[in-house]
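My questions will all concern the structure given below.
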Amino acid sequence: MTAKTHSLERMIFFSDAVIAIMLTLLAVELPVPEVPDPLHLWGALAAHGSEYIAFLISFCVIAATWTAHHMLFVHVSRTDPQLITLNLLALLGYVLIPWASKTLGKVPNGAGVIVYATAMTFLGATMLLVLRHVVRSGLLDPTAPRGVISGIQAWSAMTTIMFALSIPAGFVLGRWTM
Amino acid sequence: MTAKTHSLERMIFFSDAVIAIMLTLLAVELPVPEVPDPLHLWGALAAHGSEYIAFLISFCVIAATWTAHHMLFVHVSRTDPQLITLNLLALLGYVLIPWASKTLGKVPNGAGVIVYATAMTFLGATMLLVLRHVVRSGLLDPTAPRGVISGIQAWSAMTTIMFALSIPAGFVLGRWTM
Amino acid sequence: MTAKTHSLERMIFFSDAVIAIMLTLLAVELPVPEVPDPLHLWGALAAHGSEYIAFLISFCVIAATWTAHHMLFVHVSRTDPQLITLNLLALLGYVLIPWASKTLGKVPNGAGVIVYATAMTFLGATMLLVLRHVVRSGLLDPTAPRGVISGIQAWSAMTTIMFALSIPAGFVLGRWTM
Amino acid sequence: MTAKTHSLERMIFFSDAVIAIMLTLLAVELPVPEVPDPLHLWGALAAHGSEYIAFLISFCVIAATWTAHHMLFVHVSRTDPQLITLNLLALLGYVLIPWASKTLGKVPNGAGVIVYATAMTFLGATMLLVLRHVVRSGLLDPTAPRGVISGIQAWSAMTTIMFALSIPAGFVLGRWTM
């Protein structure tokens, strides 16, 4: 391995470690249901419903984002200082997800939605910056299938816009529930 | 390394990171015993007995599952998008174990057993899906010893069925302890 | 890489991930000092002294144990099912350290010492089993320097005996402080 | 891979795992804002402002330190027992950051600054020891660009001195706020 590919391996490994920890921590703070007896289990779980649903949404979004990251980096052939910086910015987005997810589950009015959607929009935007840099600076393997790369870009842009639109939706939700 | 084996390495690494974190977190939340003096240590530990036993059961089940995963993936030669998705589904099962284990330790009636057995059944079922996909889609190394693969399948099926049968047992236990 | 060395890599990686997480979690639960003003900082830190000292002891013991593990496995050339099982047993010892360390810091009488020394003795004993198996079953590289291996064995035996002797010492301490 | 480079890989991997976990845990303990309604979100976030700012400072400092570590170790060609020991000392500094960061966010008077600056100074000093050892003991690749290495040294020295100077500043701040 040359120093360049070695540097790329370490960056990918470091990102994966952060994402793996974050994904595991998402579930660790889930509330233990207080169940008087087995027949009331469903009700006890439903009492923490918003927290369990927030966890499931976060897990699915992060799993999909990791898959996109995985599919992209199979075709990245080297790294540069800017990619390392942009990737660290994306990691800042990732590590905030458990906190944002907890806020979504615990703050019932629209404010939870706003915090969560803002964190997800930030994460999406950093992913788009990583994608743009990788494509523009020629860090991609020349044999990378263009269709896959544009598919990842389209998916990232779409989810980022969707979360960005949820921010004002949170304000509307807040007014509506009051 | 080709892009295909590289992709497999990263998937295995990511799974191992999630399982390692989960295994470590299992023990971190164990209650500290309140011991008035050393001679009452055993009693103080016994007061949290169900939580310590829940931890030990989880550790052993996960250690056995990881060993099976390890023995299987030594013979897997490449990955495909479906395997990545099924593996992420298995990771969803893994990350829920600390929460299920805590519930088993803290909810004394049958409800804890139901939550725990459901999580374990889900994890077992995802492992069976991974196994079936790996065998059917020809992702296995042609030199893989068939005996080992069927051994892993039999073990996975057996533990999954055992946990699935514990779900109704939890309801019976609940009725019996009331 | 052959399947055998690949299997060894994965086992080492998995162990390192568990130890790294455990080492980081040791420090995360350290109490935040309540300091009225900077001049009373030392007193506020001293009030949690036993917890900070328990952390430092654990960090040093684990760092030394990891170094021994590292020095040993540089010379291990392959794995077998028994080594994987013994290594998982050692990981059970590792993941219990944060809990044992917290108990040492929080339970002031000899009981904390007993729990901690028991966990450390268990970890030491599993390391000795790993060492014995690696040497007896010919898993070592033939070029492995015998002096280094016996040095690691001597060090492991010594620390294990030391911790084993601390268990009765905890009972004496308990009687003495009452 | 020879045993020497293998040993280096494992040391780098172990450090990255510790840093990745620490970075993720930094964000996990962030307080969930208590927001009565979306329009008061900003005020609710501002109430925990010092904790959020402490997190952001820590994230940026650690990200920069990791980048420096990354840029250095691309050019390190082998390890020795002393480097492993110095690196473990640096890891002791790293694992203390979440605790120091929490103290900075929660202890409002100068004491929080003192604890945080001391932990950062310790981390910086260990990094300088690692750097000095790597350069003096000839562990660097002969092709390593001298400019990059002195740049990392200058940056590490500067940030370490800056944090060291913050320690007395904390005492002054404490007197000033009383």
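Every chain is named by a letter (A, B, C and D) in the order it is written, and numbering of its residues begins at 1.
As a working rule, contacts are C-beta pairs under 8 Å (C-beta built on N, C-alpha and C of every residue); 3 or more make two chains touch, one makes a residue touch a chain.
Everything numeric in this text was worked out from a predicted model, so none of it was measured.
Counting the residue numbers that touch the partner chain, chain A and chain D have less than half of them in common.
Each chain gets a centre from the mean of its Cα atoms; for chain B and chain D, those two points are 34 Å apart.
In this assembly, the C-alpha centroid of chain B lies 24 Å from the C-alpha centroid of chain C.
Residue positions of chain C touching 2 or more other chains: 13, 17, 21, 25.
Contact topology of the protein chains: cyclic, one closed ring where each chain has exactly two touching partners. Pairwise chain contacts in this structure: A-B, A-D, B-C, C-D.
Only residues 3, 6-7, 10-11, 13-14, 17-18, 21-22, 25, 29, 81, 84-85, 88, 91-92, 95-96, 98-99, 102-103, 106-107, 109-112, 114-115, 170-171, 173-175, 178 of chain B touch chain A when the two sit together in their complex. Contact residues on chain D toward chain A in their complex (touch as defined above): 12-13, 16-17, 19-21, 23-28, 30, 32-41, 44, 59, 63, 66-67, 70, 73-75, 141.
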